[in-house]
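Shared between the two complexes below is subunit A, which pairs with subunit B and subunit C, respectively.
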Partner chain A sequence: MATLKKNIILPITLIIGGIFAFLPFGSAAEFSFRSFSETGKLQHSLTSYRWIINQPELASHLFLSLKLALIAVLITLFLMVPTVAWLHLKAQTWRPLLEVLTILPLIIPVVALSIGAQAAFPDWLQSSEYELPLMYVILSMPFSFRILDTGMQAIPLKTITEAARGLGANWLKTIFFVIAPVIRGSVMGAFFLTFALSLGEFTLTSLLHWDTFPTWVTSVSQQNIIGAIALSIFSLTAAFALLLIISLFTSRARKLTKEAE
Partner chain B sequence: MSKGVSRLGGTFTRYNLLVAIPVLPLIIYLGFFFFWPMVAVFIDSFKDNSHHWSLVNFTTILNDPYRKAFKNSITLGLVSALTASIPGAIFAYIIEIRGSEKIKKIIGSLSGVLANTGGVPLAFMFIAAFGAQGSAIYILKKIGINLYSGSFTLFSFVGIVIVYLYFQIPLMVIVFSPAVHGIRREWRDAARNLGATSLDFWKTIGLPLLFPSFAASFLLLFASGFAAYATARAMTVGNIALVPLVIGTLVDGNVQVDQANVGKSLAIGMVVISAIAMIPYLYIQQRARKWQH
Partner chain C sequence: MKTGMLEIKGISRRFGETVALDNLSLEIEPGELVALLGPSGCGKTTALRIVAGLERADAGTVILKSKDVTNTPPHHRNMGMVFQAYSLFPNLNSQENVAFGLQMRKVSKSKRIQKANELLELVGLNSHARRFPHQLSGGQQQRVALARALAFEPEILLLDEPLSALDAQVRANLREEIRRLQLSLGTTTLFVTHDQEEAMAISDRVGVMNKGKLEQIAPPDYIYNSPSTPFVAGFVGSVNKIKGKLFNGKVSILGKELLSMTNDVPNGSVIAYVRPESILVERNETIPNAKIVTRSFLGANSRVMCETNEGVLIYSAISSTLSGNLHPGDSVSISVTQSEVMVASV
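Let's turn to the complex of A and B:
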């Protein structure tokens, strides 16, 4: 009897969780296939999806979002990987301070930060779409710093660096061609996290009056609600696939960590 | 390895500063793109329209309609945190204790999507599913639950709470799972071997160990529900004043001149409330991490 109880708890939990997650998702997916025939009868078709693909703004907004996300990722990696490596190698005394500084963006509501950016930044920056990736870097910093920090903790960083330096590599070469590949799990984790966060960012983008993919979806809803729903289904599915990839990389990083220990 | 003492740092402050030079780019970056904006909001919030120092913005936001907006947002944060934290904790516990690695990974990714990138798509998903024409409503009606028999609408306070649960519960799963993971199997076995019933275990070991993490997660959920903007904005819940939405309207321009800096004082108000929740959260997490690894 006890084992029966034990065996039944997990499936029941999963079923409840599944209903919780997929009732709205499945229902919205069904909704996104709805259309009306010429006689006004409800039917299911790909009409809304066809409508989306025919929107000229789709490609441009998707491309803009991908571009900005990629820039945010590159800034994050070039800024954070050398810094975190240096903190571990030579500037351990400064690590606690940086730990506190990089967590602060998590405490400040994004709405408040957006107001601040609007109040503080000079016009030339505010009139450029590149202010967005510069800010996405800040939003993802609490996570990217920690991911890289954990990764560096797990490897014999000092030995690797000394070996590389001894063989004549300069600091930049050591950081980008020796250390970064060794902690590639963490680097990929930081990469995808910043990427996903930037792709889905809505609050800052919309308050700074820019139009990327997520904000475009909101404006689509005003003319074609089913289209907006179809877009939502599409972006949720894509985000899930992306995060599954992240978890693959981070679990690989964790495995490497365990081996290193 | 983690607390490796730098041979070079410590003794000489001068050398310490030299060593910090490669860290400067990051500090400057944070200074320009994070601290400067926040300082600018702070300073502006104490200025009236003619740029004189004044507390007028803060006296304004202590009155309606802003006072009401704060009350709504705080209530929304508390109610959504309360309704999400308990089921989320139980779910995290069962998955963490009984689930296989594969299940944990899938649940983790799914939670990540809903908690972090959910915002806008989540709102539209709900409009589709739980709108009057939604098939979820149809299915619920089939099994005898008619949400629309009373005065229910998705664009009400209860409606928003339901939608918020969809990123709050996953968020709870994400932040609470490591705490459950930290309860080692050996402790439970040891307790049992010493004759403890499972009630004894929970009373003396399980709950005291998990409670700080639960409280911390609750605080995080509160801050997240309090400050959420995207979902509320996409649902266009104009009939319920929430602080982030009010700030958004002020930023959008069509506002009278006498409210020029009110948005900034509202933002400072949000920062203060969010910090009250987040600082203890970070502190407890930091302490809990010691036994979780």
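Let's turn to the complex of A and C:
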């Protein structure tokens, strides 16, 4: 009886979960293909997607968001990999402080964060779109810190670092030629999470009156509702592809971690 | 005056209240293999790490080829190091691991591959060049680590208990291999171990350390036969501690008068340190001074435990061919075969 229950519960849970996850997505996808013929008849076509491609501002907004996300990723990696390595090697007593600090972006409301962080920036940066990647770095810190921290916990970091130093590598080379490749899975995880978060960030960007891909999608949705849904489907598919890539890299990271043990 | 390859002068290091190293001085000649031997916590690894630059000293200097390197960062010291823990880079194969030091020295790719292959051949792993660390056994990993530490022709090779994590048979083989390589390449080597057999087997000189201090440094046989302190006598090899009376440089134990090897011990009650192989055990039914308690067969030698008439337990190591006729309960006479003995005040 118990086995029967187990056998039934799992597929039922999966089905309910699947419906919950994919029904809105499927409905939205179906909706995004809707169009009306000249006679006013409802039909399915690629009209909305053609409309997306024909938007003159699509490329510029997408390119701007990609550029800002990439900058945020680079700053995150150059800042967080050495910091987390330093925490593990030299400053374990600072761990509680860093754990609290890195969780703050999730606790502090975005309004307060945007105004507070902007006040700390010099004037020239406040008037430049490049203030956004710095904000994205802060916003993604809870995730990038933890994913790198877990990666470094899984390897014999101290011995590997000392071996590299003894073999003639300075700190910079040790971090970028030894530590980063050994925790490649975590580095790629931090890369994609920061990238995805930066690419989709709306609230803070909107509050600071910048116009990136997500804010543009919102303004477009007010003119063409089907086109906006099509854009969302497009973004969701891209995000899903990113997650798939992360999972591929983390499975390799697990293999590397096993090797390290 | 002959200049040492490595000189450590008055190195001290404290960790909080604990004194890890207390004014340690040591000199190593070119091509020499010196072992630092001592119990855990004696400061031997700290000394090695200070030489490597991985730990800072509170006081003292480290001189490599007449150049003060005390404040030189590890990557500029040109020293090869093998660690106790497996330290190969898991994302690189054996060949890439061995070539890493050369890559850091900007040696061309073709030359570093050639050199890495040479070194892998030297440690007998040329067929494992493409294997990753997880595909190698512990012993093979340490061989690759040894090849990696030697590939860039370091001034000095530092070995931090490289055999401790391996099983007995692999340990014995690898230590012989380390010595063979060290002799053939002429690499000056500082070897840290807590295993006296390992230290005695492959070193030119053994430095015995205790509580952050170097108790004695000398060739293995000298350390064994003429220990300068009770600690060295007790730590290196097994020893009988026999009570006796010292008078004018002579001590009387087991009915024999022996010369004291130690000068600064005042007359009176002392403890004499006698190696088991210096205790002669003979069957004697007429005037025995001891009885056999146990006899343990250990291969070529046997270990015989005797109890003297005064109730003192004395161990003897004698050839198994001679110990065949000795059985527990037998009456025997035991005596000391050496003429000099190390003594310490009670």
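By definition in this document, the second predicted complex is superposed on the first by the 238 of 261 C-alpha atoms of A that agree within 3 Å, B and C clash if a C-alpha of one lies under 4 Å from a C-alpha of the other, contacts with A are read in each partner's own complex, and residues count from 1 in each chain.
Assume contacts are C-beta pairs under 8 Å (C-beta built on N, C-alpha and C of every residue); 3 or more make two chains touch, one makes a residue touch a chain.
This is a predicted model, so every value here is computed, not measured.
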item	value
Which superposed partner A:189 touches (first subunit B, second subunit C, both, neither)	neither
First (subunit B), second (subunit C), both or neither touched by A:87	first
Partner chain in contact with A:151 - subunit B first, subunit C second, else both or neither	neither
Superposed model, subunit A: greater residue contact from subunit B or subunit C	B
Contacts of A:32 with subunit B and subunit C, given as first, second, both or neither	first
Touched partner set for A:104, first subunit B, second subunit C, both or neither	first
Partner chain(s) touched by A:217 [first = subunit B, second = subunit C, both, neither]	first
Partner chain in contact with A:133 - subunit B first, subunit C second, else both or neither	neither
Interface residues, subunit A side, partner subunit B - complex	6, 9-10, 13-14, 17, 20-21, 23-28, 30-32, 79-80, 82-83, 86-88, 90-94, 98, 101-121, 134-135, 137-138, 141, 153-154, 158, 196-197, 199-200, 202-203, 206-207, 214, 217-218, 221, 225-226, 228-229, 231-233, 235-236, 239-240, 243-244, 246-248, 251
For the subunit C and subunit A complex, residues of the former touching the latter	52-54, 73-81, 83, 85-91, 100-101, 104-105, 132-134, 145, 148-149, 152, 158
Touching residues (chain side subunit A, partner subunit C) in the complex	155-156, 159-160, 162-170, 173, 178, 181-182, 184, 256, 258-260
For the subunit B and subunit A complex, residues of the former touching the latter	1-2, 4-6, 8-10, 16, 19-20, 22-23, 25-27, 29-30, 33-34, 36-41, 44, 91, 94-95, 98-99, 103, 105-110, 112-114, 116-122, 124-130, 133-136, 139, 166, 169, 223, 226-227, 229-230, 233-234, 243-244, 247-248, 251, 263-264, 267-268, 270-271, 274-275, 278-279, 282
